[in-house]
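Read through the structure below, which is laid out as structure tokens, and then see the notes.
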Amino acid sequence: MTEHLPALQVIIPLLLAPVVFLFNHARLAWILSVLVSWVGLLISLSLLFAVNDGEVIRYEFGGWEAPYGIAYKVDRLNALVLLIVSAMAAVIFPFSWQAIQKEIPPSLHVIFYTALLLCLSGLLGMAITGDAFNLFVFIEISSLSTYTLISLGKDRRALTAAFQYLIMGTIGGTFILIGVGLLYILTGTLNMADLALRIGEYEAQESRTLQAAFAFLVVGIGLKLAMFPLHLWLPGAYANAPSVVSAFLAATATKVAVYALLRFLFTVFGADYTYDGMHIDYLFIPLALISILFASIVAIFQRGLKRMLAYSSVAQIGYMLLGIGLANESGLTAATLHLFNHALMKGALFLVVAMIFFRTGGTSMRYITGLGKEMPWTMAAFVVAGLSLIGVPLTVGFISKWYLILASIERGWWPITIVVLIGSLIAVVYIWRVVEAAYFKPRPENMPPVKEAPAGMLILTWILVAANIYFGVNASFTAGIAGAVAAELLGGGV
Amino acid sequence: MMFGFSCLALLVVMGVALVRAFAGPSVYDRILAVNMFGTKTVLFLAVFGFFTGRPDFLDIALVYALINFIGVIAVLRFVESVTHTGTGAD
Amino acid sequence: MALIVDALSWALLIAGVVLGITGAIGTIRFPDFYTRVHASSVTDTLCALCIIAGLILQAGFTLVTVKLVFILLFLWYTSPVATHALVRAAHHMGLPPYLSNNASADAQKGKS
Amino acid sequence: MIESLINIILFTMLAATSLAVVRLHNLFAITMLFGVYSLLSAVIFVELDAVDVAFTEAAVGAGISTMLILSTLVITGHHEKNPKHGPWLPLVVVILTGAVLAWGTLDMPLFGSLDNPIHQHVAPRYIQDSPEEIGIPNMVTSVLASYRGYDTMGEVVVVFAALIGVLALIGINEKKCAKRQYSSDERPPRPVLQVMSKLLIPYIMLFALYVQFHGDFGPGGGFQAGVIFAAAIILYTLTFSLDDAFDLISPRVLRPLAAIGVLIYGGTGIVTMLLGGTFLNYSVLAGDPKSGQHYGILAIEFGVGLTVATVMMLIFYAFVSRGEKGKVE
Amino acid sequence: MNIDFVGLYNYWVVIFLMMVGFYTVIAYDNLVKKVVGLNIFQTAVFMMYISASKVDGGSVPIYSESIELYSNPLPHVLILTAIVVGVAITALALALIIRIKEAYGTINEDDIIRMDLEEDARRDKL
């Protein structure tokens, strides 16, 4: 059965979704989802260990060899992203049961889990596939279920946020379709490895069609990953979705989109064309710097905790783009590493938000005031994860920023270092606002008393918080993989 | 050759129907034009199959006829129900 | 023989197309909805008959002929019903017919 | 020559229709013209040899999408306000996008030439070998169901995901009306329509079955058959009433069937896995790979047809019941 | 008239349709009209794929003994999938619009944004 692992990784959640829908029993749906997420984690771990020495696992669907059929190809980058998604699912799915009790009407619980499983399989499918059109199909599976999940939010704004995301996401998806179509028209193939081989000739003659394809793919994926001027859907979507959904999406969805970008830029087009032919660095670095500064400043002025974290996500995506834009091995290492690290910290922070919502019924500053005494463990988790977001040493946030600073010095553009530091300082400001409210202000009198969050939820959140520290202290495993991935991407290895 | 010219002539009819559909003025005029457009499309497809020399795909023309019919009925039903609820047509 | 069949089917096709164009001109030129219905629907049936008969002559006795007959039957079955439902709805909703020059002016004012 | 002329006329009509859609303000008229737009693009697909695509576009774009937009308009009203803000920013964005595309087409391989890479790589294998390897004449079905069967499974899951979304958002109100609508006073009965649709519907269903099983030899297949089958029920709902349709096929029956369709598709893949092939490798289903392919395609097409038919019906039910009966309680 | 002109004409109309659809999506406030625009946009992309699949003198890719040259079947398969994705998105978008209408009483984007801002202002006063 081991040779089927790549297929099973996606197919198990994909087929469990209709099963859950068929049984139509909420508790059972939750139990099955949790089991599937743990099985998924095991599969992705074994895949990662199998490819860690640079080997590549292939899987051909329908038994048709690669350019004729659809093939999966797992290398280190795939395996890392698969691990991020399935690890987050393995933590958030168990967490979800209690969290949705207060946010989603009971009649929709089964549908919630069906959509969640579809979303998970869509993201996994995006992360593993080696076929450009198959990527589009899985983007749409994950997007459709994401729109559904966001619209389940309590406030009516969840509906408009979902609609806005639907429009922008569909435009993004269609742009990707145009890009893939142009590539296909040029080369006659859809398999990414085959594309990479056959594209070289057009790169040499500076084909304008290829340039257009490149532009459409970058903008299309940029919409999906909330690249700075295209990020407008993200704050509304994250702020109004049910808390668990925000946590899951913030930790996984944009990461997978960044992965898709890396895959197209480096595997399909190749590092030489991306940097020397299309000068993507001159686009990404300014955008990244603006988004780091702008989104961080906007985050300070947000009333709600979720909205603040959403804007911080836009800024964090800026760090990843900056890593890609710096065009050297340390930069790409930083970007890849930050995929993993950002998932850890944002996952933890949004889970804390979910617990606050579970106990207090709101997440704006009013509800947080004075919570430090009432929910000590919850707020402690927030502080630690917040420190990681800022980039304090001994947390994962520090590791990614360290590589980013190394990269900008290597490139010789040291002023970028200052922007990164300023970004961290602004992060201190918005995290401090929450800490100040929670610890240094008394609980308002008109607020009902609250209890500490349930132990189960706390334990799961603290697993993520602990991971923030563990991988911050002992970064050799993650940095090792990220470094190898970066070398592979720059080397043009397929 | 004669199939080609029949195709072109039917295209002209379709175009004229399209003009009526753009112009209106009442919603019923549009429905009429759309219906006419649909039936002429069915005929066009039938002739076009012979024009290209592969007339075995007339199933498509049948589907068009079906969809066109259901479409007209649906539009009428919904015009009716909207007018009944007092929002008023066109 | 083949020549006669060809000529006949050509004649039928031309007749069908001419009827179609007549109907099209009617839908453009006629003054109000009910007269336009007349123009488009009356020619519809015969136009379809001529064209499909012309095609059947070309196809001979094959599966294609069966399908063509089905298409014709379907069109004949649905087209009048659709027209009927359309006119009925229009009449029911109070779309005024074109009566005389003065009345039509009023009717046009009332609608559009 | 005539072919080029037909091509140009059709494309021009399409462009004109799209402009009319944008410029009109009555949403009913827009929806009807959108139906025309879909029908026209389907004609263009036929003209460009894509009969399967034309089949689908006609059934889905002109049929289902238009129907859904109409039933939305019943709830939301159909007059559009004039936009207040200036059109300049959107115009700039759009022109920029168009310019990039136009730039891209300048180096595009020319239309229709057999020397294009698109016709030289990968596709020749499908054209030359698929009648041998899969054993069915319709190459589109071969590629759809076997070579790229995994994509098609994704497509079925997308349909299923849409159902999940619609059920989560608006649900299906199964409450019966006290009085059947067509018998009430202010809504006159529709005798002509009802009699003719009663006669017609069995034949439409028969046609759906034909499309389902003839998909190996001609245009068609599970997806198109599913939509046509759903169209029969939609016709019934339109000429009779929603309650009658619920009596005919209840949403309670349809809901599990939608999931079962997906599972049939996935289950076929699992079976091939257990028999020692990779996922969806139908060749292992029988001793002879060719008949194995045949069984596999039959099974998955059935799954596709089942899911699509039930999902389309359920989505239609959801929209119409929301309009006629209000919120789910 | 040569075939090159026809080929470019196809692509130009496709680009035009894309621009029309895209413009409708981003410039109009009515949500239903946005969805219609989205469909126009997507259909234009389908047209691009199918135009590319056509071979001059080729025929429908259904095997027949008398025919040598076929058009490319692969884009047809891709677009079948894309059409299905399109209708799925349309259905979901329309369901969202119905809910928005029920929650806000309007489907005009401007009005919705205004109502949200007013609500924010009210909450600030609290």
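Odds and ends about this structure:
Every chain is named by a letter (A, B, C, D and E) in the order it is written, and numbering of its residues begins at 1.
We adopt the following convention: a contact is a pair of C-beta atoms (placed from the backbone, for glycine too) under 8 Å apart; a residue touches a chain by one contact, two chains touch by 3 or more.
All values reported here derive from a predicted model rather than from experimental measurement.
If you take subunit B and subunit E together, the chains in touch with both are D.
With every chain reduced to the mean of its CA atoms, the largest distance from subunit C is reached by A. The interface with the largest number of contacting C-beta pairs joins chains D-E.
Taking the CA centroid of subunit D as reference, the farthest chain centroid is that of A.
Distance between chain centres (mean CA atoms), subunit A to subunit D: 32 Å. Our note on geometry: subunit B versus subunit D, Cα centroid distance of 19 Å, whole angstroms. Between the Cα centres of subunit A and subunit E there is a gap of 27 Å. With each centre defined as the average position of its C-alpha atoms, the distance from subunit A to subunit C rounds to 58 Å. Contacts with at least two other chains are made by residues 78, 81, 85, 92 of subunit C. Along subunit A, residues 133, 137, 140, 144, 147-148, 151, 178, 184-185, 190 each make contact with two or more other chains. Each of the following residues of subunit E touches two or more other chains: 22, 52, 59-60, 64, 74-75, 78, 81, 85, 88-89, 92, 96-97, 99.
Pairwise, the chains that make contact are A-D, A-E, B-C, B-D, B-E, C-D, D-E.
Within the complex formed with subunit D, the residues of subunit B that make contact are 1, 4-5, 7-8, 11, 14-15, 18, 21-22, 24, 27, 30-31, 34, 37-38, 41, 44-45, 48, 51, 56-57, 59-60, 62-64, 66-68, 70-71, 73-75, 77-79, 81-82, 84-85, 87, 89-90.
Contacts from subunit B toward subunit C in the complex involve residues 2-3, 5-6, 9-10, 12-13, 16-17, 19-20, 24-26, 28-29, 31-33, 35-36, 39-40, 42-43, 46-47, 50, 55-56, 58-59, 61-62, 65-66, 69, 72-73, 76, 79-80, 83, 89-90.
Residues 59-60, 64, 67 of subunit E are the ones that touch subunit B when the two sit in their complex. Those residues of subunit D lying in contact with subunit C across their complex are 188, 190, 192-193, 196, 200. Contact residues of subunit D toward subunit A in the complex are 100-101, 103-109, 116-123, 125-126, 146-151, 154-155, 157-158, 160-162, 164-165, 167-169, 255-256, 258-260, 262-263, 266-267, 269-270, 273, 277-283.
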